[in-house]
Structures are given as C-alpha cells and as structure tokens.
Amino acid sequence: MLEQLKEEVFQANLDLPKHGLVKYTWGNVSAVDRASRLFVIKPSGVHYDKMKPSDMVVVDFDGNVVEGDLRPSSDTPTHAVLYKHYAEIGGIVHTHSTWATVWAQAGLDVPVMGTTHADTFYGSVPCTRFLTQEEIDTGYEAETGRVIIETFEQRGLDIMAVPGVLLKGHAPFTWGKDAHSAVMNSVVLEEVSKMNLFARELNHFAEELPQRILDKHYLRKHGKDAYYGQK
Amino acid sequence: MLEQLKEEVFQANLDLPKHGLVKYTWGNVSAVDRASRLFVIKPSGVHYDKMKPSDMVVVDFDGNVVEGDLRPSSDTPTHAVLYKHYAEIGGIVHTHSTWATVWAQAGLDVPVMGTTHADTFYGSVPCTRFLTQEEIDTGYEAETGRVIIETFEQRGLDIMAVPGVLLKGHAPFTWGKDAHSAVMNSVVLEEVSKMNLFARELNHFAEELPQRILDKHYLRKHGKDAYYGQK
Amino acid sequence: MLEQLKEEVFQANLDLPKHGLVKYTWGNVSAVDRASRLFVIKPSGVHYDKMKPSDMVVVDFDGNVVEGDLRPSSDTPTHAVLYKHYAEIGGIVHTHSTWATVWAQAGLDVPVMGTTHADTFYGSVPCTRFLTQEEIDTGYEAETGRVIIETFEQRGLDIMAVPGVLLKGHAPFTWGKDAHSAVMNSVVLEEVSKMNLFARELNHFAEELPQRILDKHYLRKHGKDAYYGQK
Amino acid sequence: MLEQLKEEVFQANLDLPKHGLVKYTWGNVSAVDRASRLFVIKPSGVHYDKMKPSDMVVVDFDGNVVEGDLRPSSDTPTHAVLYKHYAEIGGIVHTHSTWATVWAQAGLDVPVMGTTHADTFYGSVPCTRFLTQEEIDTGYEAETGRVIIETFEQRGLDIMAVPGVLLKGHAPFTWGKDAHSAVMNSVVLEEVSKMNLFARELNHFAEELPQRILDKHYLRKHGKDAYYGQK
C-alpha cells in the first residue's frame, strides 16, 4: 500500500545525509496520505545505505503500525500528533542538524536576520519550553507534538507560514506540503541558524530584517502574487 | 542566439554549487553581449542538475525577455540595471553564500584585513542601506540595482576595482569582466568574509592592512604593471 | 590469529577519515578478544590508503606485541591499561578530532547541553588533569591510561555510561562494546563538542539539559527498557 | 632536468586543494636540489587541473629561471631567499589556508595549546611584522623572505624545529625536509590554527601546554629518541 508515498519518503530520507543534516541514522522523514489518514515513516535505527523503499512503515494518526515488518522511528508519535492536528501538513522532518540544534540548545527563537530566512519562514522560528516530568511520563514523543502545538497556538502562528520549530534542548522539526518541501525547509533552517548566529557574533547590535522586506521576500515566493520559479 | 554566451553562463552557474556558494537554486549568474546590448541569465527556480545551456534566457537592458521558453531569474531587473549603468561589467553573480551573507546581515562593510582581500578588492566591500517602502513598491529588484549604484557613487568607488557589494539584510552581488571572473570574485568575497570575521574575533584590535600593502598586492595582479600569472 | 577481529579493527580505522575525525594517520582504533586477553590495534604511522587487515598488530594486556611485522600505535600502552582495568570495554578509539580537541585544550568537561549528547553519554564527558613530570618519565602512554582511570574513579563515573574522556591539552579517547560502537561514540563526542561550544557562545546563560530529559533520552536507547532501533 | 623533483613538486601542489588548503591557484609548493643549487616551483596562475609535471619551473637561488616555458610563481623570490639562507630546508609551501591566515590577519603568534601542535612545531608559530614601504619598493617578495629570516633570528628559533611562519596581514609559509613534509606541516598549522582559536574562545583562560608535555610530544616524534612510526 501507498507504494509511491513510500518511494517519496525513502528518497527524502536519503536527502538528509546528502544535505549534511544527519550523521548515521539521526533523522527521520514522513509523509501523509490524507485520503486514508495514514502516513509513511522511516523505520527506527536502520542505516541509510541498507534501507529500501519497502522498509518504510505505514502508521495511522494514533501511531499504530498498519503495515511494515520493522518498527517505525521512535519519534513516530510526534509525527502522528502533528498530522492529526494540522490538516495542512503533508510531510515532516526531524534531524539534529548542527546549527539549528545549537539554537535549540541555547533555548532561543531564531530571529529573522535576513532574506534567506524571509524567503521561507514568515517570522522567527520559535523555540519551545522543556517538557515537564509529567509529560515525559505520560508519553514523551506524543507530548513533544503537543508542546509544538501549544507553542504555535500561544503565539498565534500560522503553521504553514512558519514551517519549523526548535525543541528546547533537543533539535528542530520542520514540515511542508510534502516530504520534499519539508526537507528543503530543514536545509533552510540549518543555513539561517548558522548565518544568524554569526551575524550577531560579528555585530551584537545587528538589526532584525525590517517588516517591509520580510513581507516582500516572503510574498514574492508564497501566496497568490508569488512570481518566483516557473509558474 | 548567443549560443557561446549561453554555454559560458550555464557553466558559470554550475560553478556556484561546485564552490559551495549555493544550495538548491539560491543563486544566479549572467553575462552580457555588449554589441547587441543583451544579456544571458539563468532561468528562475530550475534545479542545477536538470538545467541545460539552452534553458538560459536572453534579456535586454530593460529586463524584457528576448529569447527563451522559461522565466528568467527573479533578480533579472537588478542585473539589467547594472549592465545598463556600467559599461565595464561583463558578468554578474548573485548568491546567498554563507559568510558574505553574515556580513550583509550584520550590516557592515567587509574591511581589508589581509592580502587575500587585497589581491581582488581594492578597498572595503561596501554594504548598502535597506530599501525603503517606496522603493519596494516601485519595483524591488530594479531598485536594488539602483541602491547598489547609489552606494558606489556616494562613496566614489570604482566599480571594477571593488567588484562586489553586500545588500543589507540580504546577500552579496559580485561582477567582473565576464561570468567566470564574476564567479571567482564571489569565491574570494566568501573566503575573506570568513577570514575577516574570525580575525576580528581572535583579536578585537586586529588592524586593517596598511595602504602600502593593499597597493602592492592589488597592483601586482591588476593594471598595466601586473606581474602575476602567465602574461 | 584473530583474523575477524583484524578485519573489524581495519574497517573501524578506515571509518575515522570517512567521518572526518582524522587527518593523515592521527588516530587509532583497537578491539579486544576477551577470551585470549589480547587486542588488535593499528600499526604506527601507516597511511590509511596503504593499510591492509593483515597489518593490524596483536598485543597483550601488558602492551607486548604477540603477532605482527609492524610496530603498533605509539598509544598502545594507553589501550592496554584500559582493557586490563575495565572488563566491559570491547573497543577503543583515539583521535585528535577538531571540536573534542578544542574542549581538551580548553581544559573543560563537555556538559550535557542537549539530547544529542544524552542519547549516548549519561552525563558530562570529563576532562583529565595534565600528567606530571614523574608520570611522563615513568611511561607517558601507560600513565595516560592511569590518569583516565583516576578521573573516572574520583568522580564515581560508570565507564560504559560515559564512554569517553578528554585528555587535558591533548585530545579525546572513546570506547564501546566493540570497535564500531567506539567509533560511533567518537562521532557523537565530536558533534556535541561543536554544538555545545556554539550553544554557549550564542547564549552564555544556556542551561544544561534537565536531569529528567537526560534520563529519558539515555534510557530510551540504553538498558532493559530501551525502545530505539529494531530490537 | 630534475624530472623526479618536478614530479614530486607537481604531486605536492595537487595535495594543496586535496587537503582543502587552497582555492583556485592560491598556493605554491617548491622543492630544492642541493647538489645543483636549483629548485623546482609551480608556474604562476596555472590551474591545478590543467597543470602537468613538465610545467614546473627550474630556478636558481637568485630567482633566475634556468628551465621552463612558463613564468614561475610570483612568490619565487621568497622561496629563493629561504633556500639560500637555510641549508636544512628541502621544500617550501605557501598557501592562504583559512585558519592560519586568520591568525596572520590577527597579527598573533599561534601559541602551543595542545599536543597536535607539539607533535610538529616545537613552540609557538611566529607572526612577522608588516613590511615597510622601502622593503616593498626594494623587492616585495625577496624582502618577504628576509623578514622571515629576521623573525627567526631575533627570536633565536630553530628553523626546522618550528617549520612555519605567519606573514602579518598575509598568510602562512611552511617548510620541511622535502615538499611532502612541507605540505604536511601546512596541514598541521591549518588544523592547530583552528583548534587554538576556538580553545581560547571557549575558555579565555585556557593555558598553553606545559613545557614538559611539549617536550615529550615533540621528542617522541623527532630526533634520535623518536619512537613514532615504523622506524
């Protein structure tokens, strides 16, 4: 079942080491089939060079395995909670990519310091709070998804306009309309995490990008008046 | 038309990822044919691994497409304004290369800290101001070219002696006598942006290069008394 | 003798440059055969691209060569001391990997700043003291092993829960149940050394990971209740 | 003439980009034949991927070309001065490698912060002064060699025990018993320049390596009691 989606998810997982976002198996990509309310995700702890499209695991929105011989990623419940809550999300990526993780460990939102950020994220990429002991005991991975939702709701953020988050002390999650765009958003988040850190190191008084330029750059690539690319 | 120039521009675009200056399609190179007052530029948002020389787009100095099935880079009007204003420019490059972008985001000129810089840029690489709301509304990309011209004119800089600029909050543009040298200038700007940042981090009191050594290094590679290379 | 172990040790040594942990021959991996109380280690100063599995040297726990035409790594006595003292250790790695060495040179323990660290190291990775003149004269490499043991005993650390150490002013050693996992622990130590340095640079007040999240991450990958991977 | 030396110098020049020490043609390696008092050096500004062993240029100790169709590196007089003055030097390398150049631009000696440094350099790697206007006018490249000699003589340094120098505001030179070991010393200098910068960034009070450990590490690899490697 969902053979084409498995192929897409498989390829998107291989893109993680190709873009330098993961070492070993420290990352996972999933993508959803909205019609069947099922998603496809990488198996847990399987090396990328031995993985096949048929190793991908099919899971429902409560995190139950529907098809697959292997155990799905241990982060599967986080993916499930996000797919269930946000109908717009088509693909999700989790990595421990270096520079985004640095911001997560610093416990800081990534501010909009330039147009590289503005082309993809319409505002700061938020950093969550730490999970409580109770949340860890209840179900760490599912509660991780709920803390992401809480963060976006408390701040009134549009999940597709800011397609990524930093889990405090942990690492980033990004998402998108499909697996490929979720990976691309991880690449952008990693790069702007690096640039923005060093911009502030170089000039402690470096300004955030003015709202008018954030608007211009985001809107020339997104929405009905976009004019970037071939359509 | 302009088949040889298309090939050159195509190759120069491929050099961007080869030198680590771009991820995905975040960059563009163009080159001009002065006789016909036309330039050739990369199409917008086309992946480098699928791009062919024949995909390059021919554009006039007002930014109108003269030949090509694809839409040209969204930054085309910036290139057009620069070609129209400066008769010496043969090729132009725009990237979001990491370290040059860090300086652009910090809003600072890149000072001459060493001979690597002096070999190519005869002075600091300037950082522009932000565009105003009015300029954004008038035509963001063309006005970007005009802000570059304003920056060079206000400072009395020779466009070919300092073949690059940082757009504040955005990223670098470089140029040269042709597409290949414009790419080379991007490589140099990226490298000195990294070196100069860390030289100041290591020693906050690090001096700029004395004028006499800047003169010596620039002039042994450029101008009538140059003695670097094979001719 | 120990042909399979030689092959494993050979492959693990080749993994060092593959993961960017060594330049030239600046590193060595060994693995032990507990039944015979012998270990296999890389020869000293042999280039990786000329090395063969049969070049691996067999050594006893007192550092005497038992089989092999080449001289073993000059760090062999350090490996011998650790294998003799700790029955749990199956493989040992020594590199001068950049970021872990930075912490060794700074003379600081690597604190637990995030879950990437917590997934592998159950607490800070300790930095030893410098060796004394007397220890250097007695036998530098063997005494290096004894200073590692002293560090773990003084702090009451479990050698397998914190499978790595920084030698002050020198570089890291890591270990594991076999050569492969010792290499993996070197990769993790290198990565968290980089992340943790920049997390503190970005936010001088960045907190260490709360104990509850350290517990959760370490224990979902290690021990009887682990649920990461395929078994 | 000197065909084998040309081959060695050619290979050593190719090693520069392989080890990430140069971009484009920003570097040069030479090696000397003491019997004939001639040295072989890379031609100026020739791309590495088009260069052949027969393109290497033979030069005497006064910098005159003895054989070769191409012009030698513009830095040839610096090499000539060093070969003429120091009978021990067999090969010389000049690069603008990133991290060593950062220290040169910062105008600081690279202190001995760890054993990676001590394994190769028996003390700090010195940074010269800037050249005067008079020296630039007299002959910039030859005077550069004389400023290196001045630096080593004023400080009483052994040229083979500290086989490298930083030219203030410029970049490193290294040397060795032959071209290959000169390149290796450039690799080490680049790596310790990076490590030592970040060790001090991480801990502003990080100590230099105690003399006793510097002695131990340098002398286990160099001199009559060395016991590293296969002989």
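Note that the chains are named A, B, C and D in the order they appear, and that numbering of residues resets to 1 at the start of each chain.
Here is the rule we go by: a contact is a pair of C-beta atoms (placed from the backbone, for glycine too) under 8 Å apart; a residue touches a chain by one contact, two chains touch by 3 or more.
No experiment lies behind these values; they were computed from the predicted model shown.
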Where chain A and chain B overlap in contact partners, by chain label: none
Distance-maximising chain from chain C - centres being C-alpha averages: B
Rounded Å distance between chain A and chain D, as computed from the means of their C-alpha atoms: 46
Chain B and chain C: spacing of chain centres that average the CA atoms, whole Å: 46
Centroid distance [mean C-alpha coordinates] between chain C and chain A, Å: 33
Residue list for chain C, restricted to those that touch at least two other chains: 200-201
Chains touching one another, given as label pairs in label order: A-B, A-C, B-D, C-D
Contacting residues of chain D [partner chain B, same complex]: 23-24, 26, 43-46, 70-71, 74, 96, 98-99, 101-108, 130-131, 133, 136, 140, 169-171, 197, 200-201
Interface residues, chain A side, partner chain B - complex: 19, 113-116, 184, 187, 191, 194-196, 198-203, 206-207, 209-210, 212-213, 216, 220, 227-230
